[in-house]
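Here the chain labels run A, B and C in written order, and each chain numbers its own residues starting at 1.
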Amino acid sequence: MAGMLDKLLSLDRRWIFLLVLLCVGTPIVMPIGLPVTTTGSTRAAFDYIESLKPGNYVWISFDYGPSSAPENDPMAEAFLRQCFAKKIRVIVCAFYPLGGLGLATNSLAKVTAEYPNLRYGEDYVNLGYKDGAAAVMRRLGEDIAEAFPADVRGTPLAQLPIMKGLRSIRQVQLVCSVATGVIGEYWITQVHSQIGTPIIIGPTAVAAPKYYAYLNAGQLVGMLGGMKGAAEYEKLLAARYPDMAHFYQSTRGFTATKGMDGQTVIHAVIILFILVGNVAYIMSRRAAQKKGA
Amino acid sequence: MRTGVLSRTFARLPSFAAPLIAALLAVFSHTALAIAPEGSPAAPADLPAPTDFAARDRPGDSGNAVLLTWKDPPGLDKNAGLQIRRAVPPAYDWTEITVAQPGAMRYVDTTAKDGTVYRYEIRTVSAADTSSAAPAAGGTSAASGTVATGPPAGPPLVSDPVASHDNWFRAEKTNSFIASVLFLVILLASIAAAQSGKKIFIRRIAGLNAVDEAIGRATEIGKKVLYVPGSQSMDEIQTIASIAILGHVARATARYGTDLDVPNKDPLTFASAREAVRGAYLAEGRPDLYREEMVNYVTYDQFAYTAAVSARMIREKPAAIFLVGYFFAESLILAETGQSTGAIQIAGQADPTQLPFFIATCDYTLIGEELYAASAYLSREPVLLGSMRAQDIAKAIVILLGIVGIIAASLGATWFAGLFKTQ
Amino acid sequence: MNLEFGRLALVFLFAIIPVVGIALGINSPGLRARIPLFVAFFAGTIPIISLYVPKKFLSGPTGMSPRLDQWLIIVYAFAILLGVVNVLQNSTRKIVRRESGWPFSIVLLAGLFVTGGAGVYGAISRKGITLLPDGTATPFKWIQDQFFQPLQSTIFALLAFFMASAAFRAFRARNTEATILLLAGGLVMAGRVPLLEFLAAPFPPLQPAAAGASQALGKLTEWIMDTPNGAAQSGIIIGAALGAASMAIRVILGIERGYLGLGRGE
């Protein structure tokens, strides 16, 4: 018994890796279709965008790279779909070096293909990537054209109908930052604290605990915590706009809802590991005490 | 008695004629008004003029903005608008700037040019087509001889001449300015107190006590010390703190003759780390032990860097690993790989995001401001200790303000929280 | 030649004085060591003052503070060059001396030159480094999509495995704090996913109870994230911010000099 406990406690981590591989890989191949419950912070974000009116401006910032795309891409696409459905004008930019712009281009191309009536330059615009996120955000409060003189194709902002009358970010009704690292915090400290623009952040699950502090302080109007938050948002979107539901039901593309299956299984397995490990630990401690006594 | 022409005429008419003529006159006068060319000043009773119209330079800005404030007249129709026009004296060529909504009572003209003197005019216009109101009777330019049709407008109110300029201070940031100055004063006072010999207490920080132990272990085993100064650049304060700790670690490795390896992700951090290590070896009097390869640049990409450093840990099996600085997702990979090699690991980060991973995998973790206290703790220099004390005093003030704020909010005194607003 | 005060002041403070100082300090190491402190003082105080003083020469669009931000980006580009040179030096040294693992250095150099070459080609031919107008990828983007992104995702995916092995090893009820950590971690993990529904999936009669319990667990998880976690995070953020402010003032005033390689008494 003691020998088995010891072996369990010092289990070669490669067995654990193998089990993780099986648990995460299987639901991708065979989806389970588990339900998703919504939380207050995601609902708050969804309701805020729902309360905006056609013609309002929403600034969506791609502050993440390819490594966190599975968590963040669904968030960005959900924001874009909701804004386009509500005829909100969308301004897209990217502050994450090494891939942010590519992701912005890909997501925009994917979602605008679903809305053939939208026109680039009138209903949405891609301003491209700029270095030095915090410094650029400071400039956005004064004059957007100073920070982004032209869009990603090189067209000066003055020639874009969507930017007519939009001089600074003070006139934007909402900023959605889909972030992986610290750039989300910059939006709060540079733009919300200095100017007051409402912010919604979609961080990765790792960074989400930190943003609860800002959410409680009222500096965020909503937050999507990681892939779970993205799955919740997809559920709310499909419920409110039934014609979008088919995007989230097909099993071909990757959506956060599909990813949640794998996450559920691996959470179950890790909890099992912890229980087993603790049981083994407590029993081995008791055995050692008995031996000593 | 002298009677006028009209009264003598009226005196000769039959008795019913007077009311008939009065009625006809009334009808004609109304129609006459209706077909009169626009331009004759019409001041209908439902378009009253606003009051207290003031135009001044917008305070606390970088210029090119004029702040206009006024009071809405009582009984203003909620569908009416308040048209604001601007002209450059002496050529009074009024151009419309905007039409404000009732209830706004302020507008900022951001198209003003610094140094140019303007005059502003405000008047009420009725709803619907407020895009082109009729030109005012006395102020049209020579070119406008056309009869423009538009909604009638109330009497205008013209402001005094005003020019915008940039200002010396942002008034809305007064509270943050006072806080910064207060912090600076506390800091300088604490440093002065420390320099005058006052003993300053600093609590025991286990992670920092373990630094020497870790390096000693590396020396015994004969393996090297691996120091990872975070993955961000020198514009991040945590990286600067990490380089300061690197200086101490480098002095210890110079003293004991232990090998040191500092892989870098950021080029500026690389340059700074090289200076810090080289300076440390010189200061210890062991320049012969310093090798250029000690501090090396790997790559800028986050995960390529992680892969390279993890591979280095597995291949070269350092005895002590320091993960001090600002890390992102690579923290768990590095720490877990280091744990698998059996090295003693000391980690530190001020940002709370990756701390859970370090706590789960490393032997010692510096949490939050313990990282910033490290250089003071390790060197025990009075000046640095004094600045740490200032940090603690400031934190005590923040805690006190927090408690007062909770009590104030519970008692309904919301003005207290308003003192700390930043816009 | 644009001779506004802001630009002149920046050039004077960050170009003329350092160069003159280095020239004068060739024989005097003390003076040479002081110049970085001088530059650090102004580089630190200009953005702080521009936060409170909106004068045009300081914080306007062409003021000193935004210009300084732009200069930082230029300095950064040169620093990357420094890093690349170091990589070249180390790799060629490894190959020449046939140190252990030297074939990998050849792979590294090959990757460096091919990718760097593709980027330079994109710049010189004005085709850029993203998509060509007809939608096909430039060589740089092709390398990025076919090599870079999959490799990045692979290393990032390692986190899943490491998380599991770290949880297994670290979440042991060793003492009170470890037990609290363990319980909180377990509850949040269970509450963030439809775990109970998953476990009840093969047992239809238990499903309504599982759904209800899952809701309650979800609410408990939200409370843990909002209240104890939110409070602790706020505390750490505030403390770290004050520490950062104190450290920043130390660096600006030249009290903290470790990052320059200057130790005590220099």
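One rule holds for everything that comes next: contacts are C-beta pairs under 8 Å (C-beta built on N, C-alpha and C of every residue); 3 or more make two chains touch, one makes a residue touch a chain.
A quick note: this is a predicted structure, and the numbers were derived from the prediction, not measured.
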Farthest-lying chain, centroid of Cα atoms versus that of chain B: A
Chain pair showing more contacts of the two, A-C and B-C: B-C
Separation of mean Cα positions, chain B and chain A [Å, integer]: 24
Inter-chain centre distance, chain B versus chain C - centres from mean C-alpha coordinates, in Å: 21
Touching two or more other chains - residues of chain A: 13, 65, 67-68, 142, 209-210
Where chain C touches two or more other chains at once, by residue number: 61, 72, 148, 152, 155-156, 163, 165, 167, 169, 171, 233, 237
Two or more partner chains touched - positions in chain B: 62, 300-303, 329, 351-352
List of chain B residues in touch with chain C within their complex: 60-63, 114, 166-170, 173, 176-177, 180, 183-184, 187, 191, 233-235, 237-238, 240-241, 243-248, 251, 264, 266-268, 270-272, 275-280, 283, 293, 296-304, 306-307, 315, 329, 332-333, 335-337, 339, 350-352, 355, 357, 359-361, 367-369, 371-373, 375, 379, 381, 383-384, 387-388, 390-391, 394-395, 398
Chain C contact footprint on chain A (complex, rising order): 11, 13, 16-17, 19-21, 24, 32, 34-37, 39-40, 65-69, 99, 101-102, 105, 131-132, 135, 138-139, 142-143, 146, 208-210, 212-213, 215-217, 225, 228, 260, 263-271, 273-274, 277-278, 281-282
Contact footprint of chain A on chain C as seen in their complex: 61, 66, 69, 72-73, 130-131, 141, 144, 148-149, 152-153, 155-156, 160-161, 163-165, 167-169, 171-173, 182, 185-186, 189-190, 192-195, 197-199, 201, 211, 214-215, 218, 222, 225-226, 229-231, 233-234, 237
Parts of chain B lying in touch with chain A, wherever the complex brings them together: 62, 110, 300-303, 328-329, 340, 351-354, 422-423
Complex contact set, residues of chain A against chain B: 13, 65, 67-68, 98, 142, 167, 180-182, 193-196, 204, 206-207, 209-210
